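Structures given as C-alpha cells follow.
Shared chain: subunit A. Partners: subunit B in the first complex, subunit C in the second.
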Partner chain A sequence: MSATQQALAVGRATAAHRPRRSTWFGGLHGADYAWAIAFALPYIAIFFAFVLYPICYGVYLGSDPALYRDLFADPRYLTAVVNTLLYVGIGVNVKMFLAFLLSGFFMRKSWWTKSLLVVFILPWATPALPAYISIHWFLNGQWGMLNNVLYLLFGIDGPVYLNDRWLGLAGNIGAYIWKTLPFWTIILLAGRMAVPTELYEAAEVDGATGLRRFAHITVPMMASLYLVCTLLDMVFALGDFNATFFVSGGGPAMSTEVLATLGIRYAFTVALPRLGVAAVMSALPLLIPLVIMLMRRLRMSEGQL
Partner chain B sequence: MSATFPGRRMHSRRFYRVQRRFGEAAAMLFGLVLLVWSITPIYNMWMIALDSHDAIFSGTVWPDSPTLESFRVVITEDFWYLENFWHQFGNSFIVGLSVTFLTLLIGSLASFTVGRLRLRHGWLLTNAALMTYVIPASFLAIPIYRIMQIYGLQNQLSSVILALTTFATPYAIFIFSQYGKSIPMELDESARIDGANPLQIYVRIYLPLMAPALVAVGTYALLLAWNEYLYNFLLLSTPQSMTVAVALAQFLNSDESPWNYMMATAIIYALPPIILYYGFRRYMAAGLTMGGVKG
Partner chain C sequence: MIHLSRRSVLRGSVYLAATGTLAKPFIAKAAAKTAVVWMNQGFIPQEDAAFKKVAEDYMKASGNTLDYSIMPFMAQNQKTISALTSGDVPDLVFMDAPSSIIPQNAWDDKIVDVSDVVAPYESQLADSAKLCSTFYNKATKQRSYYLCPVKQGATPFHIWGDLVEKAGLKISEIPKDWNGVWSYLKQAQAPLRAKGMRKLYACGLQITTVGPNDGNNVFTHFLIANGGENIVTSDGKLHTDDPVVREAAIKSVEFMTGLYKEGVVPPEALSWNDADDNNGYHEKLFMMDFDGTLSTELALIKDKQAFYHDMVTLAPINKNDGSPMKTQVGTGGGFIPKGAQNIEVAKDFMKYFMQPEVMNENLKGGLGRWVPAIPSLVKSDPFWLQSDMPCLKPYVEEAVLNPTLPVYEGFTPAWGQANAEQLWGQAHADVIKNGMKPADAIDKAFKRCNEIFARVET
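So, the complex of A and B:
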C-alpha cells in the first residue's frame, strides 16, 4: 500500500491553501511545549539511531577512494550496473505502462471484471518470498512447470532459463513486474476514478470520442500521478533485493546481480563490507536526483499542513 | 459506445451490436490471459506442495497422486529444517505485532505534534520522515547490521523490530498528517478551553477520530513486517531467533531440499498476510482514497 496516499494526494495537489492558524492561541508555551517535545522524541530517537547514524556510518565505511578503484576493476560490478539500469528502466516503465492500460480495462463495469480484479490482486497480497521461490522453481529448466507446459503443448524443449544471463535477468524483471503490477494498477485505477465525470460529459457534448477523450482528458489528468508513481517505483526497484536474490539468485556466475544484491554479496559472502557499501553508494548519482524530485512532488501535497 | 455519438459515420444498429459483442469477447479473452498470468506462480506453488517427494521430477503439470503429506510434515515439524517451525511462526507474529504497535504509536505521536500542536520546526521532522521513506531499506542494510552489533542486539527479535519500525513509521507519519487535516481544529480548541492537556486531547479526541487511518497503516505495518526478508535474514541467524521467512529461505541452501516441504511451508507462511489483506481490503481501499479526499 505504501505509495498510495502520497501518490493520490499529489495527483490532486491543487487544493487551495488555507490560512495558517495556531491551535494554542499564539504558539506553544510552558507545559504544552514540553508535551510537544515529548511526543516528537520517540520518532527523533528512532531517526537518529537507525537512519542518521547508519547513513553516517555507511558514508564513513565507503569513503576510501581506493574502494572505488577496486570496484571499477571488478567486471562483476560493471555487469551489475548494466543489470540495475535494465532492471529499473524496463521493470518500472513497462510495468507502469501496463498498469496504466490495465487500469482502463478495470474501469469496465461488468461483474466479471470486478471478480477478476479480486484474483488479479493475489500476486500483490502474496508475500514476496514464497512468490519468488515459486517463480524460481517455475523457471527451472529440467523440471520447471514452464518447460513442462511448453513440451506438452508444442513438443519443444525450452531453454534452461536460469543458466543464461539475459533469460535470467528477464526472469527477474518479469517476476518483479508480476509481483507489483496489481498494486500500481490499483493506484492508477483510483486515479482514473477520481477524474471528474463532468469532463467526459462535456467532451461528449463536444463530440469527442474514444481516442480523443483518452488523449485530451485521461492522459493530461493522469500525467502527474503517473510521473510520481514512476519515480517512486524507480526508487523501490533500485532497492529491490528479493526478486534477484530468489528468482535467479544472481547467477549464473553472478551475471544477473543488481547493485542491491551485489552489495549484500560483497559484504556477507565475500566479507568485504566496505566494498559492499561502496557498491551501494555508487548508486547515489541515480538515487539522489530521484529522491530530490520525489521529495519535492510529495511535499507539494503537504503545503497546507 | 461510439454508437451514441453523432458526427461519426452512420452504421446500422446491427453493425454496432456485432461490434459490441466482438469487443466483449476480446475483453474476455484478454481477461483470461490476465487470469492465467496472475495465478500461474500460485498454482505452481500448490502443485509442488501437493506432490509427493519422488514424483516432483516427473515433469507433469498436475501431480499424479496429490497428497497433503507435506502439509502434515510442516505442521508436525517432522523434518529437521522444520524443527522449530511453530516457534519461528510465533517469532514472526511477535515481530509483526510489535512493529505494528510501535509504528502506530510513534507515528501518531509525531504527526500529532507536527499537525495538531504545530511544534516549531515540525517540518524538519516531516522531511526527515519523507527522506527515510524514499531511501531504499536494502541500501542501509550493511551499516544497520554493524550498528545492531554495536548496540548488542544481534540475534534478538528487538533488532528486527526496531529496524522495521524505522522503515514503517515514515509512511505512518505521512498518512496520519494527511488524514489529520480532515479533523477540525475546533475540536482541539474547545477541549483546550475545557482544560484538557495535550495528552488528553491525543487520547480522547485524536486517536478515536483517526481510527480508519490507524487501521490502514496498522495493516500496512503488519504486512511489511511479516513479508520482509533481508533484515530478518541479516539480523537473526540462530534457529531460536529466526522468523519463518529466514527459515523458509534456508531450504534454498541445499540442492537436495525437499521442495514439496518447502512449498508447503511457503503456503502456510503466505496465508496470514493474504487473509489479512483480503479481510482488510476495504480499509486499505479507504486508505487508498484518504489522501485523495484530503487534497
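So, the complex of A and C:
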C-alpha cells in the first residue's frame, strides 16, 4: 500500500467507526426532556408557520386538476418547460465546472491572485436587480455596450441579441452564471483548502505530480462536495426568476420564459394566482427527486468533504 | 425572588398564548374606526404628497383613522393579489391602474359592490369612467360598480420637437390622420442621421412581444384607428368573426410591421419592456413615442429646456377614415376587497375622495398626470386647459374632451389574459421573424383569443 492509499484509508476508517446515535430522545429523561421540548417549541412553531404552512398552502392552491388542464392548453407552457430544463441543465453544470476550475486557480498563494479574488466576488455581492437590468442594457442591440465595443473595435454591428430565442436564452443563462459563479467558486475553494495537505505530500513521495494528483486526490476528495453543490444549485436555478425576468423579460414572444417567470406572469399580470402556483408546482416531479438525492447525499457524505 | 420551574415556564407559556388569542377581538374592536389603506406610489413625488393630503384632511374632518401605506405599483399589485387569494385583505386598495386586478376578482365575487358610494356622483362621471368601474360578477350574474373612479389616463404622442425641426420638418404640418402622424415623422430619420445621429430612429413604436402593457396598448390604438374598435363590446363579447374587425387588425399589423421592416423603428423594440421606450425616448435614441399618461414628460420636469421647449405632446386626432379618433382611457380609484374589516370607513373615505373639489385638488397636486373622472372639472378650473405646462392642454383634450373608449379589460377578464399572452406582439413577430402574412398572423392570434374567451365565458 502506497503512502497515499494509507492516508486515504485512515480517513475512511475514521468515518466508518463513527458511532450512530440510537436513542430517539437523544438520551434525555424527565425534567431535562421537558426543558428540551420547551426550548424547541418556538423553533417548531416557526418551522410550521414559515415552512410547512406555506408549502401546504401552495399545494392547496394548486390542487385543482382543472388548473393543469388550463396549463397544458397554454402553448407557452411547453416552451417554458423546455427552457427551464435547458436553463437548469446548462446553467448549473457549466457554472459548477467553471467554479471547480477557478477554485483551483484561486488556491495560488500570490498576492495578485488574492486581489483578483476580491474583484471576482463583486458580481455575487452586487444586488441582483440592478445587475440583471444592466445586463439587459448591455445586450441592447442598438445602444448596448457589447455592440458598441464590437463596432469600435471591428466596425461591425452585432446582432440584436434579445430578439432571438436562443441568444436571449443564452443571455439569461450567461447572466445567471455570471451572478452566482463567485459564490460556488468560494464554496469549492473552501472545499479544496480542507483537503489534507498530507495527501498531496504523500502523493509527491509516490512520484505523482500535476494531472495525476488532480485525478487521484482532488477529484475523489471533492466529488461529494461537488455533487452536493450541483444538486443544491439545481434547486436554486429551478426557482430562479430574476435572470429571465430582468434580462430577456421572457421574450421575444415569450420564447425564453421559464416556469418561475411564467408562474409569476399568471399570478400577477393576469391575476390568476392559482394558475401561477400550478405552473410552479408542475416542477415538483423534478424538484422532489433532486431534494431527496441531496438529502441522501448529505447523509452519506457525513464526515467527508 | 421568583422561582422558575419547568411547570411554571410551561404554564406561563400556555397563559400567554391564550391571552394573545383571546385579546385579539378586543384590539380589533378598539380600532373600529381605523381603515387600512394601500396606495400605489406615484410616478412623481407630488402624487404621493397629494394623496397624503387627502388622507390627512379626511382624518381631520371625520375623526376616523386611515392606516395607509404607499408602495410601488408592482409591489402593491402583488400584495393585493396575494391578499385577495388568502383572504387577509386591507380595507381599501387605491390604485392608478387596477384593470389587471379588478375584472377577474369582481368576476370571482371577491370585491365589495360600491354602487352606493358612486351613486351621488354618477351623473357627473365620464362615460368611460363609468364603464371602467363596472364589472361583471359571475355569482350575482350582473354588472355593478366595483371601483370608485377618481382619475383617468390616456395615451398621447410624445415628440422631440427640436429633432423634428432639426430634420427640416414642422410640428404644425403633422397630418391629422393616425397613420399620417407616423408616416410624416418617419421622414425625419434620414436627415437626422445625415447630420451625425448615426443610431437615431424616428419612431419609438412599442411593437414588443414582451410587454406587459405598452405593446398591447399601442396595437389597440392602431386597431381603433383602422375601425376595429368593436373587437370587444361592453357586454364582454369578442367579435373576431366580424370582417371589419379582422380587416382592421390585418391593416394594423401590416402598417406596424411595415414601419419596423423599413428600419425606422429600433430593431430591439420587439423585445422591449414597458420601461425601455421611456428610457430610450429620454435619451433621444428615437424621436417619438406613443405611451400612456404624461409620465414621459413629467419625468423631465426639472430639465426646463426639455420640458417647456423641446418636447411636444400631441393628441391623436382622426382615425384613418377621417372620423374623430377615440383613444382608450383607463380609470384609477379605490376598491374594497371582500373580507375587509372596516368597509364603513373605507366607503366613507371614498365618498369624501369622490367629491369634485377633493378629486380636483388631488389630481392638480399630482401635476395633471391623471385627469379627473368628472369632466366638468377641467372646464371650470383653469389649471387644466390654461396651464403653463405645454404638455397638459393636449393631454386633457385627448383624455377628457375628445371621444374616448374604456380599456377593454373592464368589459371582461379574458381580454387581460389575451394581452398577458402578448398575442398581438406575437402576431408582429410572426410577420417580422417568421415571414408570415399579416392575415395569417392575425388569424392565428384570433384563434388563440377565441380559445381564451371561450374558457372565461364557460
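As a convention for this text, the second predicted complex is superposed on the first by the 255 of 305 C-alpha atoms of A that agree within 3 Å, B and C clash if a C-alpha of one lies under 4 Å from a C-alpha of the other, contacts with A are read in each partner's own complex, and residues count from 1 in each chain.
The working rule: a residue touches a chain if its C-beta (ideal position, glycine included) is under 8 Å from a C-beta of that chain, and two chains touch if they have at least 3 such contacts.
Bear in mind the structure is a predicted one, so any value in this text is a computation, not a measurement.
After overlaying the two complexes on the shared chain, residue contacts for A:Pro123 are found with subunit B alone; subunit C is out of touch. Of the two partner chains placed by the overlay, only subunit C lies in contact with A:Met254; subunit B stays clear of it. With both structures placed on the common chain, the touch criterion links A:Arg265 to subunit C but leaves subunit B unconnected.
The wider contact with subunit A, measured as residues touched, comes from B rather than the other of subunit B and subunit C. Residue contacts after overlaying the shared chain place A:Gly168 against subunit C, while subunit B stays out of touching range.
Judged by the touch definition given at the top, the superposed model places A:Trp35 against both subunit B and subunit C. In the superposition on chain A, contact of A:Gly141 is made with subunit C only, not with subunit B. In the superposed pair of complexes, A:Ser63 makes contact with neither subunit B nor subunit C.
In the superposition on chain A, A:Ile55 makes contact with subunit B only, while subunit C stays out of contact range. When the two structures are aligned on the shared chain, A:Pro273 is found in touch with subunit B and with subunit C. Once the two complexes are overlaid on chain A, the subunit A residues touched by subunit B in the first and by subunit C in the second are 31, 35, 57, 61, 142-143, 249, 267-268, 273. Within the complex, the subunit A residues that touch subunit C are 31, 34-35, 38, 41, 57, 61, 70, 73-76, 140-143, 160, 162-163, 168, 248-254, 265-274. If you check the complex, the residues on subunit A that touch subunit B are 1-2, 4-9, 11-15, 21-24, 27-28, 31-32, 35-37, 39-40, 42-44, 46-47, 49-51, 53-55, 57-58, 61, 102, 105, 108, 112-113, 116, 118-131, 133-135, 137-138, 142-143, 145, 148-149, 151-152, 178, 182, 186-187, 190, 194, 204, 207, 209-210, 232, 235-236, 238-242, 246, 249, 260, 263-264, 267-268, 273, 276-277, 280, 283, 287, 290-291, 294-295, 298-299, 301-302, 304-305. Per the touch definition, subunit B reaches subunit A in the complex via residues 1-2, 5-8, 27-28, 30-31, 34-35, 37-42, 44-45, 47-48, 56-61, 105-107, 109-110, 112-120, 122-123, 125-147, 151, 162-163, 165-166, 169, 171, 173-175, 177-178, 181, 185, 188-189, 192, 197-199, 202, 216, 219-220, 223, 226-227, 229-230, 234, 245, 248-249, 252, 259, 262-263, 266-267, 269-270, 273-274, 277-278, 281, 284, 287-292, 294-295.
Here subunit C touches subunit A in the complex through residues 6, 9-10, 13, 74, 77-78, 81-82, 85-86, 100-101, 103-105, 199, 201, 208-212, 266-268, 270-271, 273, 280, 283, 285, 413, 416-417, 420-422, 425-426, 429, 433, 448, 451, 455, going by the rule given at the top.
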